[in-house]
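Here the chain labels run A, B, C, D and E in written order, and each chain numbers its own residues starting at 1.
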Amino acid sequence: MYPLTDEALARDGKVLILAMDHGLEHGPTDFEAVPETLDPETVFEAATHDAVTAMAVQKGVAETYYPSYEDDVNLLAKLNGTSNLWMGEPYSPQNWSVEYAAEIGADAVGYTVYPGSNREPEMFEEFRDAQESARDHDLPVVMWSYARGQGLKNDTKDEVIAYASRIGLELGADVAKVKYPGSKEGMEWAVDAAGDTKVVMSGGSKVDDYQFLESVEAVIDAGGAGLAVGRNVWQRENPERILDALEKVIFEEQSAEDALSEVES
Amino acid sequence: MYPLTDEALARDGKVLILAMDHGLEHGPTDFEAVPETLDPETVFEAATHDAVTAMAVQKGVAETYYPSYEDDVNLLAKLNGTSNLWMGEPYSPQNWSVEYAAEIGADAVGYTVYPGSNREPEMFEEFRDAQESARDHDLPVVMWSYARGQGLKNDTKDEVIAYASRIGLELGADVAKVKYPGSKEGMEWAVDAAGDTKVVMSGGSKVDDYQFLESVEAVIDAGGAGLAVGRNVWQRENPERILDALEKVIFEEQSAEDALSEVES
Amino acid sequence: MYPLTDEALARDGKVLILAMDHGLEHGPTDFEAVPETLDPETVFEAATHDAVTAMAVQKGVAETYYPSYEDDVNLLAKLNGTSNLWMGEPYSPQNWSVEYAAEIGADAVGYTVYPGSNREPEMFEEFRDAQESARDHDLPVVMWSYARGQGLKNDTKDEVIAYASRIGLELGADVAKVKYPGSKEGMEWAVDAAGDTKVVMSGGSKVDDYQFLESVEAVIDAGGAGLAVGRNVWQRENPERILDALEKVIFEEQSAEDALSEVES
Amino acid sequence: MYPLTDEALARDGKVLILAMDHGLEHGPTDFEAVPETLDPETVFEAATHDAVTAMAVQKGVAETYYPSYEDDVNLLAKLNGTSNLWMGEPYSPQNWSVEYAAEIGADAVGYTVYPGSNREPEMFEEFRDAQESARDHDLPVVMWSYARGQGLKNDTKDEVIAYASRIGLELGADVAKVKYPGSKEGMEWAVDAAGDTKVVMSGGSKVDDYQFLESVEAVIDAGGAGLAVGRNVWQRENPERILDALEKVIFEEQSAEDALSEVES
Amino acid sequence: MYPLTDEALARDGKVLILAMDHGLEHGPTDFEAVPETLDPETVFEAATHDAVTAMAVQKGVAETYYPSYEDDVNLLAKLNGTSNLWMGEPYSPQNWSVEYAAEIGADAVGYTVYPGSNREPEMFEEFRDAQESARDHDLPVVMWSYARGQGLKNDTKDEVIAYASRIGLELGADVAKVKYPGSKEGMEWAVDAAGDTKVVMSGGSKVDDYQFLESVEAVIDAGGAGLAVGRNVWQRENPERILDALEKVIFEEQSAEDALSEVES
């Protein structure tokens, strides 16, 4: 971790990444609830909200839409990804080189690894190259660290989440994005295990407002840096409202309850 | 997608690619119906029709025949391909480097990916290199995006076609070539899912004039950019006549019926 | 295909390649019938015959023996090959780089591909690099194109041979070497399918003089460019006599019968 | 082995490596006994003890914490490693390039190989590149050499340990880290087999003070260079005390008993 | 084969390679009969005997011990090798680059290939790179050519040994090291099959003096260039005596009987 590489992703040490790589990872059915989100512009518009510290997209979306938003949005280049049509042992091929991400104006890079997969070794090796290349370009690195594959029965056990965040530290990520272990205590272990690497919670599939904000509150209480969120923002009819609430929970350290009642008033 | 890279493949934003990589993909039996098409010159002659915005061939055919047509035909270098003698999980090896395609005078490059195949990850990685190298040479990129392999039962379901076109956008194609989902509605989803990436229908095996033009009409109505066609042109006794009709449907936005009656008159 | 690259392999557009890679492909038992052919010099001597337009050998044989024959023999560097001790799915590793072949003075390069093998994709990719590197060195390329592997029951069916020669054209070979399909008609299809790529018959295992020359005559009648032959020359007690006859059939377009009676007189 | 490359790791020819790559190799549960060791600073503090000749960590830990300790601690860059979530045949992917380790200020590099694994060949090849690159940067090389995988029933048999240390010599390691074979005689064979390559014992899981120091005494008596230790230091409540004792056994060649009674007094 | 590259390995066209890669290939148990041979110096001392034209060792042994012997011993850098703990299909990973071997002062390089193994193709490809790189550094190449793997029942049949030596010629080795086929006639075939590539017998496991020298005599009578020997020299109590005898058989072309009685007198 380089102290200097943090600014592109964070504000006051806190992080709110808006992610929209679901078109690749899940396919267009993910956008059916709110059909206009099929258009990346809709989501880029949401990313101009002050609360959002960076937006994560795949190469083609960045090439096509980022030029109109480069003054208002920090680009987190999501370098790898795969479709869910494919059913092999968890693995995520690299679709975007760091060099080309830098050329397009990326402010940071993101990379998925699946510790526990049969293909963990390749992913570690590919992460190595991406991470070291990012260092050459002074780009901070976010690791999507999800234990998955083979013998892993429960990938949200506390010790598995803590292991995932620790792997972020060990392999040289500046930010580790992990699943929510289900409790503040679990998150505390994950945060401590990551040392000076920041930990953010992965937003996951859409849940109701209070449940969602409460988990974010627990992350902040546990010392986490924030959130990387997709569907829980843009699958809502009014993404701005939830972003307002997230801003209060993450950056102003309000409770979920207070934040919700403020945005409802 | 780069706005600038579009001109080589399109006219007024519309696309009609004449493809003749069937000698590699299907073998010479594909040319038996109209034996003179075994000779690439016959098909290059057809490609001089005003309606055709680019012709797609493999490296050896380009090396040998393109020099005589470079003033009249735009070359779409089809970079990968395989024979149908081979029966492994869907995959398409790269037979032509972007560098050498550029050297020969290609105006654009084409690349097949099979989302859903066991070998999807490799194809994504190889597409990455081809796409980024094409950017270096200012060549637009057409992705042949066909969901195929493993557990895919019906690769023309609407959501699978929309996923295929979306992958074109996500991975950085300028044009996505997908199978016709069977209806205008299905095509609309595919077109919307691709955002600013243009979508063209894959011509498929030969059908009768009206049925063929009707599907092209639906593509245009759905907002698609046009067609990439092979057998439905050069397996016809009179390719010029069907190209005349396609010109009317694609570029003049006539109905299939009107176009047919005009060329019949 | 580049018009310029043809001269090294052909005379008046006809081709007679004398091949001696059997020490690698078949092992030394192939030389037992005429023991002195175990010594590469014996075969290089035969290659000085006027009828022979190039001699095909592996790297080590070229390094060791070609320096004494470089004024009298055109070197066709056979870049890949494997032993028959190995029993995997058909594949042929590259034993010689194009760069080093050029350095040694090769006039052309040769490469085996097995369309239909499980490993077809790798072979196509490796052929790509060899072919493009050969273009950089202005060396013509001969493809040994043999459909083989997996589900291929009869690799000398007309359509399979025509497919094999077409693959030569599609992938950028200047000459395609294919098995004899058993008839002039079969060979015509193969020649037509290859377009401007020249087609030569693969000599195969030793047969009697008339039967052998008759198949060569059929190749020439079918528009083929000639022959790549090994055992049918150097497994004969008097290779010069059969080369005399081949010269008449290939370059003077005599019938097998006439050619035989002339060399017998 | 280069005589010059030894100083970074050794004092008076003796070696005491403090290793903390357990966060990657074993996960955060390894730190539960002494929770503050989850924080790498705690272990770096321990590494400032005079007895420690180098500290071994993964890339991310070095990037983040080493800058504060570079004056007081020699950095042994542990280049490869894997998680224990993964259950394939023993293999250890490279997570850190030698070039980047050198850039960060590494004084030496470490690399795990598992002779006997199905993936032994790849590991040997990857070790080759790491070792030769380390030579280019004048960095000594420590091989973690653990026979493991497939048919290996008992990987601490004397001949297996001696084989492991010999592989260190044969492949070009300056120091071979091997498991303790259980006796001084076993260790003598391992030391002799390694020739001029230094041999250090791998600390293993935590045992009681006397048992641990006694095995270190046996290593020194057998001519070994010392120890690479992790849990047996930082899983103790008072790491300084055991480091005091290790200093006496390794550098002053005291008996385990004397060393213990001195530190207890 | 380049005539110039022969001098480093041969004297008067004869070759006696002393090999000591057994520490890697067989493990330290190979040295138990004569324990001091565990120390590479003992074997390097033996290699200073006038009869020895080169000594073959792995990288680490060369780095550590060769500097003291570079004036008296020619270094044959054995580039690949594997442990016998590993039980996969025969394969030998490359542990030493040609570039680094040259830097250390190697006079020649050696490489094992296993024709007939499932992994024959990779080994041929890797041999290609090593051989061509050796040409760039003007280093002669010795191929350890052992048919092995899969369906090979008897790898010392005459035709298999002759095939192995022929592969040395075909792929560009200057010297082929093959197993003794059991008779002078078998060896003659191997020598003839290799053309101008020199053939040396592989020493194999230790046998009695007369039996050993008799096989060497047969090799020389068959036109072979000599011997590559390990255990049959350094597993003897008095290696100098057997080297004296070998010098007589190989360089003075004495019979085994005469040589033995001379050294006994």
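The criterion applied here is as follows: a contact is a pair of C-beta atoms (placed from the backbone, for glycine too) under 8 Å apart; a residue touches a chain by one contact, two chains touch by 3 or more.
Just so we're on the same page, UniProt names per chain: A, B, C, D, E = fructose-bisphosphate aldolase.
Keep in mind that what you see is a predicted model, and the values were worked out from it rather than measured.
Common neighbours of chain A and chain D under the contact rule above are absent. Chain C and chain D carry the same sequence, and matching their CA atoms takes a turn of 145 degrees, rounded to a multiple of 5. As a whole-number value, the distance joining the C-alpha centres of chain D and chain E reads 36 Å.
Between chain B and chain E the centroid-to-centroid distance comes to 58 Å (mean Cα coordinates, whole Å). For chain D, the set of residues touching two or more other chains is empty. Each chain touches its neighbours in a single ring, whose members, counted from chain A through chain B onward, are A, B, C, E, D. The touching residues of chain A, counted against chain B in their complex, run 21, 23-24, 27-29, 38-40, 58-61, 63-65, 81-83, 85-88, 91-97, 100.
Per the touch definition, chain D reaches chain E in the complex via residues 1-2, 115-118, 120-122, 124-125, 127-128, 131-132, 135, 147, 150-152, 159-160, 162-163, 166-173, 189, 192-193, 195-197.
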